[in-house]
Every structure is written in structure tokens, then in C-alpha cells.
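Next come two complexes built around chain A: one with chain B, the other with chain C.
Entry: the complex of A and B
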């Protein structure tokens, strides 16, 4: 269980190697790439995706999925932005993000778990509903010129470490504890392995799924607070592609939809690799239209590479076994 | 399989769909009586053709089970349209457009099928990856600009109307649904699809070539996306790199609304056609009433959830 959950396995090694290679190539190609400024930019761009992918990791490990995480974040971001414009103290407004996220997570959980609608279909419907809700809440225009109170809080760097990194570490740490030190982790993976078998062995399937969707909502809300702090505006198109990117990063990280396998570290490296590549290619002058081709190619490339290398290893094993006998 | 048992396969959602459709039509009639004309019928069917073709492919893939889903249909449609136009620009004869669209679509679908059945990558992830690649390629190969140069003889067919029925709908969408319905209901391939969607293990044990059937389902989905690309070229007169945007979501909504089970093995093409017509009628009605397009997305999402909930509770009662 330990190695399946948290070990530094083959996938993490592959991804880290890919990160290092990409870093070296970009650093050689562009003198600006390896500067502290640019690295902090990459980190800032990864921020929301790190939170969304953390929730997605939990959901995928449970054989569920949520394609509405991007717009859930968008709705929570509107709440935070309007609170800030309404003159709320920054800290309170920042906390409103996770609270709004939890409320939206409750809605999603009710539809998917209590309504017994398959997650992919239910959240697809909610994607549309939330999208329209964003439009309704914004009245067709952007929310812009948001006061920078929250930016000063969440953009601060106590002892030189950005608050964003601290919060990411705390979030990943909390989820790690939740998975490792409470029954939640084994239950999650058991449901991912087989919902029926998990139920028969006494796992409270409904409760666990419900709770996970709410946790996912809270993480979307945290992402929303950081989004507002960083960009200080909310557009009607917010979060459109983020859900797919979160699924891609999580799958890259080695979390399997069917196997009841999840890796928090893999997810984090997956997100950083994704953003690193996007940033590096942009610096090298590749038009941003190619970004999605790179994302898709990376995702399928890593997965295909692993499948094929496993098969080669298996074939070698067979040859040895035959030679030995 | 007799006609009766085929009829019994109709999803419970079908009466709900028809009821909703009547509500939409009556609502439109009450709010804007002048919207009713033969022209409206033509418009609805014209817009339905693209979605109907793509949703049929989506349906085949989902029916095959094994968590089957094709998120790349929109990207495949865009890329097929763009590739066909690039072929023409490259100096190939205009007649080649037909072949290029279909061939490109089929190849893109085949790639999905190989990823899923040979490399055993989960359909959701595999087609998510190809969705990125296909739609990204369509955009980056053209720089986002529409590609002109569709052969002139294609346009009269794309925009033609007979008795208020658009030609592409009559000559492509309708036959495609008829053939698919016949194949699913009366051929061994159709029964195989239902069988392996319903219970893959049993299907394997009785010797159904599960992987081959699935591979073909994905290839067909790509082929239908290519057909949709052809319709878009003939209708709009240019190859737009964003023609397939959101088709993955709407086609999946169409299939689900039409009563296709996301787990496979249950559903009918008649239901999907009804759902597609409902969706497009709904969109057209909102358009006639001058309601912003973003509302369509929200209302379609709400509709999807509502129909599934109604379906769920009605089956529970039985």
C-alpha cells in the first residue's frame, strides 16, 4: 500500500527526468529561462492548477472525475472578487474562496452522489450550469480593478518564500495525512479499485465519495482566492480549459482511473512539467497555439512510453525464463 | 432480433424527450408566434446535421462499454476540415476534398482506437490527449484563420433544400442513422456491440472479438466526425479550425439525453436523434427569443441533469 500510494516510483522518476531534461534544454536555448524571475513566473502560473489537480487526484483515485473544476473555481473567484470590491477585509475575502468552493462542492456531490448520476455526465451538466452562472453573476462584463488587499497578503514572501508555495505545501501535506493516517486513504483506493467490493467490505462508499467531492470543491475555492490575488480580474471565460489540464497533469503523475492508484508527488511534478514546457516553448518563440498540441503529446507520449517499456521488460523476462528452463 | 424486442430497447428517456420537445415548441409559439415557419424547420435540421453525425459516433463508442468515450470528436472534425482545405491549397484536385475529409477523420479515429485497444490507455485519458492534439493542430496549422477555396460544386449540395429539408440532413445524417439503427438491431456486429458493452467478460468468453469491435467503433466515430467536417465545408464554404469547438460536450450530452448508458450496452440511435433534435430546437428557440448563447449552455446542462434524475427516479419506482 505504501509504495502504491506515496513511493517515488517509476512514473515520478520518468517525470522528474523529463523536467530536468526540459529545464536544461530551455536554459541553454534561452538566457532568460533560468532566471529567478522566470522560475517564479512558472510557479505562479502553476498555482491554481496545483490545487485543482490535487482534488482531481483524489477523485480519479476513486474512479470519479469532475470536469467542472475550472468553472467551480471561476464562481468562487467571483465571490472573492466581489467581496474585495465590497470592501471586505482581505483575509476574510480570501477565506470566502474555500467557503464558496465548499458550497459548490456540496452541490456537485449532491448531484453526483445522491442523484446517482455518473460523475463524468453529472459534472458535464454542471459545467454548463456553472458557466451560465458565471455569466449571470458577471452580467456579461469583466470583474476588473479588484483592490490589491488580497494580493498583498497572498503575494507576500515571508523569509523569501512565497505564500503560494507555503499554502501548496500545507494543502498537499494535509491531503497526505488524510490519505496516510486516516481510513480515508484506504477507503478511497478501495472504492477506486471496485466500488462494489468496497461496499461489501464495509466502506461507507456514499459518505466517502460525498466528502471527497466537497474537499475537491474547497480546493477549487483555494485556487480561486489565489487566482483573484494574482490577476485581480475575473473574465467570463475563466477556467474553461483548466479541468482538462488538471486531468492531464494528474494522469501524467501516475494516478490511474481504474487501478485505485494515486500519487500526490506525481501530480505535483506533472503540473510543474506542464507549465515548464508551456513557458519554455513560449520563450523559444513557439506560437502559443501549439501549447495544446504539446500538452496532448506529452500526456500520450509518457503513457505510451510506459506501456511499451513495460512490455519490453516483460518480453525480456520471458526470454530469461525460457533460457533458465 | 424481432421488431418488438428492438422497440423494447427504446430508452425510458424517450417519452420525456418528446414531452420536453413539445414544451419547447409550445413555449416558443406562445412567446414569439412569428418564429414559426418552414424556414425554422430548415434551420433546425441544418444545424442538427453536424451534431447528429458526431453524436452518432459518440454513441457507438459509448455503447461499446469499457468506459468508452470519445472526447476528441470536436478536434477530429476541425482537423479533418482543415486538412482537406490544406490539401486543396496544396494543389490537389477539388474532388479530393471528399476523400480527404473522410480519410482524415477515419485515421484520427483509428489512432484513438489503437491507443485504447492496443496500448490499453483509458479512453477518457487517451481521447483527452488526442483532443488536445487534434484541435491544437487544427488551430496551429492555420494560425486560427478560416481556410477558403471549397470547390464551388459542393456548396449547392451543402445549402440545398428539398421540401424544407436540407440536403445534407437528407443524404447523410438520416441514412447514417438508418444504417446504424439497422446494424445495431439486426446484424451480429450490432449485437456484439450491445453484448460487450453490457458485460465485457461474458462477451470475451463467448468469443466476441472485443478489441476489434471497439477499434472499429472508434474508427467509425472518427469517420463520422470527418463526415461532419465535409458537411461544414459544403455548408459554410470554408474550413474553420474552430468548427468542432464544444462538439465533444454537446455530442456527449446528446448521447446521454438520448438514453445511452454511460456504462455502455444500453441505448438506441432513435433516442439519440430525438435528443439531438431537442437540443437544436431548444437552441434555435433561445436564439429566436434573443437570449444570450451562454444561457443555452447552462440550460442544456440543467436539462441533462434533470432528464437523468427523472430517468433515475422513474426506473427506481419500477
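Entry: the complex of A and C
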């Protein structure tokens, strides 16, 4: 069982190399790619996905999943947007995001953990419910032209560093401490390895899973506040594709989708690589349809590479075993 | 006792039969409309117009559509409506290539299948209720832009789904207009954002980065309008880059007022919904369309082109700072 968390493993190195190669290619192909403005644009576009993927990393490591993260973010974004339109102070409205996210996380946790419904089925159901709730809450009309109070707070750059980056670092740091310095981490990975064995060895499986879904909800809520600050608009289609992107970025980052293994650094690099490719391919003038082919192909390539290298490793083991006998 | 029970049962059965046939009659005298996606202001306005027409023309109006711009989900909804035996079904087509077999299935069941808002010309549909000609829409947006940014500007295009036939047709006419009338105008290849505002914003900001001399961005799908408007504001390019698109006044209002949008081009979708239900009623009653039709409840005659099978609502409207507040959809 490997749990690289923040350490540099093989996958992180591969991904970072992929980032550097992509960066070099794009920088050569387009004079506008390697500019501060464009790199900040890539980071801003990665922002929501960084939070959603952090939650997804915890869930996948536990062999759980949540396909409703995009719409969970959407519902929390409605709360934040309506608060801003209702004249709330920006900071308070911004805090409403994670609070609403926590409440939604409680609902999801109750359905999946207390209701004993498999996570993929339960959250797929909730995806439909939350999507419908978004339609009802918006009444078919979009929130647009939301006041820019929150934009000024979250778009600020104390000491030249965007608030978004600071909050991302804090979130990843907190989760790292949770995983590395508290029993939560080993418990989470043990559940991901085998829920039954974890239970037999005294892990509070229900409590750990419940807490993780709530943490995931809070992260969706943080993403919601940044979403509203960035786009100042909430449409009924909000978050439609984000859950799949979060799963893709997390899997790309080396977290096993069958549980028991996770990498926070891998997830972060996975998200940035995904957005870097989308940005660079557009700058090079590649048609949109091919952009999704490239990102899909990358995911398949990395996963296939992993399966192959595991086979090679196993074959080597067999050789050693034969030599020994 | 047994006799009484039996007669009650028989009476119940007769009653059930009667209501069943009444509801079959109801179903036949109803017009359904399947939008590309539910819950957006544009299709809500069409629904509103459809409801009004239903009440005015004495026909039941059914509104049902997918929650995502997914062609497969949309066809399933159409199929369900056909199976229910409604009189006529109108579809705002997401994928023109897959409608033909459904038209066949509808014919077999005696259901009139036609298109509205987005067409599938080769599918064998009964009629296409058009909001404005694709040509009119494509030309108008290019003409209006040239007035504001000159005839040698570089212009980006952000669309929604790559399979949406109406969006692709408009883009085709934009390109045609540019080629024929403004040879120096440079239209970039369209980028497709799917249905979300966030992706549209990302694409629009990347476009502005890749083309520092970009003068305008056209948001082709209504779902891409807020993304494009917001991207221009966030990039601090209000006044340098003009956003525009086929967006409802409510969606474009804040961007038109902030200056990130110069104008928006569209038509009145509630009138389109009204006309759609009227057309459905004509089809159910077996009445043919004339070259010029007087529609009860509409203030101008509606033209019909027999060759292409297109029923035309009228000329597109341009919404600017000066008139945007007069509309609410």
C-alpha cells in the first residue's frame, strides 16, 4: 500500500515531466502562452477544480466517489449569489459558501453512509435531485450581474499573491495535516483497502466516511464562493462537467479509483495539467473537439502506462521467485 | 350482495373506459414542444408563448425537455411523447442527423412531428417553424459588428455544442457574409464550449490572450453569453473588445450596461412558442399552410415557403443599451 500523499513518487514525476513538456511545446508554438497574464489565467481556471478534486481524492482513496460535486457547488453558488444580491457584506456571503457546502455534505453523507447506498448510485441520485433544486431555486432565470464585492475580496493580491492561491495552499495543507498527523489518514486508506478488514481492526468506518463526505461538501462550498467571485453569474447548467473532470484529474494524479492509495500533490498537478492542456491547445488554434480527444487520450495513456509498468514489475517478481527456487 | 358488488365493478370499468378514451382524445388534441434544455430563460419564454397559444386556440400544450443539452436524452423524450399518442410534437433539434428514424416512428403512429427553433431539414419533418432565417441572423450580427469595429477587425466565435444545427448554420452565414461583403474581416474558427458559462469564459479569455488584436467575441449559444461577457470584464478589456451574441435581453442586460457587450441579436421567443403551437394545431386539423398566414393573436402575417417547408416568424431584433429594458425574457 503506497500513500505518497505529498511526497514525490513515480506518478508525480511523470506528471510533472508531462507538464514541463506541454509547457515547452506551447511556449514554442504560441508567443502568448508563457506570459504572466496567461499563467495566472490558467491558475484561475484551475481554481474550482482544485478544491473539488481535493475532496474527490479523499473519497476515491476511501473507495467512495461523489458524482454530484459540480451541482453541489452549483447549489452553494446560488446561496452565495443570492446573498450578494440581497446586499450581504461580501466576506459573510463568501463564508456562506462553505457553510452551505457543509449542509449539503451532511445530506450526501446521510444518504450514502447512513442510508447504506453505494456511493456511485447514491450520489448519482443526488445529482438529479440537486440539479432539480438548482432549477427550482433559480426559477428558470439566471443570476447574472451579481455585485462585485466578493470579486474584490477574493480577487485581491496581498503581497502580489492571489488570494485564490493562498486558499488553495491552506486547503491542501489542512488536508495533508489531517491525513499525515491524525489517525484519520491511516483510517481512510484502510477503509479504501478493505472496508471489512478496517472494521475488524477497530476503525470507526461509518464515522470516518461520514466526516469525509462532509469535508468534501465544505470544499465544494469553497469552490462555489470562488466561482461566484470569478464569473459573477450562476446559470442552470452550472457544474455539469466538473465531477468527471475532478475524477479524471484525481485518477491522473495517481489516486487509485479503487481505493487505498492517494496523492494530494498528484491531484494538484493533475488539475493544472488538465487546464494547461485546454489553454495551450486553444492558444495553438486546435479545434475544440480535438482538445477533448487529447485530454481523454492523456488519461487513458497514463492509466495504461501504470497497468503496464505494474505487469512488468510482477513479471520481474516472478523471475526472482523462479531464480530463488 | 354479490350482485351489487358486480354491478359496482362493472360501473367502475365503464367509467374507467370512458376516462381512458377521453384522455386519448385529450392526447390527440395536444401539441408538445421539446426544447434543447429546460430551465433557461430563452426556452421558458417559448413555453410561456406556447401556454398562451394553448389557451387561445383551444389545444393542450405539453412542454418537456432534457436537463442537459444531450441529444440522446432529447430523442428519448420525443419518443415518449410519440408513444403517448399526442397530436403533434415540435422539437428544437440538438442533433439533426438522428431525427429521421424518429420521424418515421411518428408517422407510423399518426403523430405530426415538426421542428421549431432548430431544424433537421433532411429528416422528413412536417414543417420547420423558424424564428428568423438563419441567413438573417448570421448577416445581422456581422453587419452590426462591422458598424462598431470596422470591416477589417479580427473576431472570435464561441459556440455551444458542436452538433447543434441552428448554431452551426448561423456561423456558416456569418462566414459567408464576411467573405462576400467584408473580405478584410477576419473571423476566427469557432470554439465550442458545451453548455456551461464557465467553459465559455475560459475559452473567451484564452482567445483574447492568443489574439491581442481581437476586436470582438460572438457568443453563439445563449448559454455562452454570460461567460463571454464576464471574461471581457475580468480581462479589463471593456471598450477594447466588444462582446455580442444571440442572447436574451435579460441575460445580456448587465453586460450591455457595463459595456462589455455592445448589443445582442435575437427575436421574441414567446412569439415563436406561440407560432409553434399554432402550427401544431394546423397540422393536427389537417389544414395546409398558405404563402401568407394570418395567425389569431399575432399582429403581423406569417410567411410560409412551400419549397423548403419553413414557416417564418419575421426579422431578427437588435437589443442595445437604448431598448434592452423594454424586454423581459
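Note that in this section the second predicted complex is superposed on the first by the 301 of 325 C-alpha atoms of A that agree within 3 Å, B and C clash if a C-alpha of one lies under 4 Å from a C-alpha of the other, contacts with A are read in each partner's own complex, and residues count from 1 in each chain.
Here, a contact is a pair of C-beta atoms (placed from the backbone, for glycine too) under 8 Å apart; a residue touches a chain by one contact, two chains touch by 3 or more.
Just so it is clear, the model here is predicted, and its values are computed rather than measured.
*Asks:* With everything superposed onto chain A, say whether chain B and chain C fit together or clash.
*Replies:* In the superposition, chain B runs into chain C.
*Asks:* Thinking of the overlay built on chain A, is A:287 touched by chain B (first), by chain C (second), by both, or by neither?
*Replies:* both
*Asks:* Regarding the shared-chain residue A:118, is it in contact with chain B (first), chain C (second), both, or neither?
*Replies:* first
*Asks:* What is the contact status of A:153 with respect to chain B (first) and chain C (second): first, second, both, or neither?
*Replies:* neither
*Asks:* Of the partners chain B and chain C, which touch A:238 in the superposed model: first, second, both, neither?
*Replies:* A:238 sits against chain C, while chain B stays out of touch.
*Asks:* Thinking of the overlay built on chain A, is A:27 touched by chain B (first), by chain C (second), by both, or by neither?
*Replies:* neither
*Asks:* When the two structures are overlaid on chain A, which partner does A:230 contact: first (chain B), second (chain C), both, or neither?
*Replies:* Once the two structures are laid over each other on A, A:230 reaches chain C alone.
*Asks:* Applying the document's definition of touch, where does A:99 land relative to chain B and chain C: first, second, both, or neither?
*Replies:* A:99: touches no partner chain.
*Asks:* Could you look at A:163 and tell me whether it touches chain B, chain C, both or neither (first, second, both, neither)?
*Replies:* Neither partner.
*Asks:* Does the superposition put A:39 against chain B (first), chain C (second), both, or neither?
*Replies:* Once the two structures are laid over each other on A, A:39 reaches no partner at all.
*Asks:* Where on chain A do the contacts from chain B and from chain C line up?
*Replies:* 131-132, 135, 140, 236, 287, 289.
*Asks:* Residue numbers of chain A touching chain C in their complex, please.
*Replies:* Chain A residues touching chain C: 30, 32, 35, 37-38, 41, 45, 48, 131-132, 134-135, 138, 140-142, 144-145, 227, 230-233, 235-241, 278-279, 282-283, 285, 287-289.
*Asks:* So in the complex, the part of chain B that touches chain A is made up of which residues?
*Replies:* Contacts found on chain B: 67, 69, 115, 119-122, 124-126, 128-133, 135-137, 139-140, 143-144, 249, 252-253, 256, 262-263, 292, 294-295, 297-305, 308-309, 312.
*Asks:* Please output the residues of chain C touching chain A within their complex, sorted ascending.
*Replies:* 37-41, 44, 67-69, 162, 189, 191-199, 201-203, 205-207, 209-210, 212, 223, 226-227, 230, 233-234, 250-251, 253-255, 257-258
*Asks:* Using the touch rule from the top, collect the residues of chain A that touch chain B in their complex.
*Replies:* Touch list, chain A to chain B: 65, 111, 115-118, 120-122, 124-133, 135-136, 140, 236, 244, 247-248, 251, 256-258, 287, 289-297, 299-300, 303-304, 307-308.
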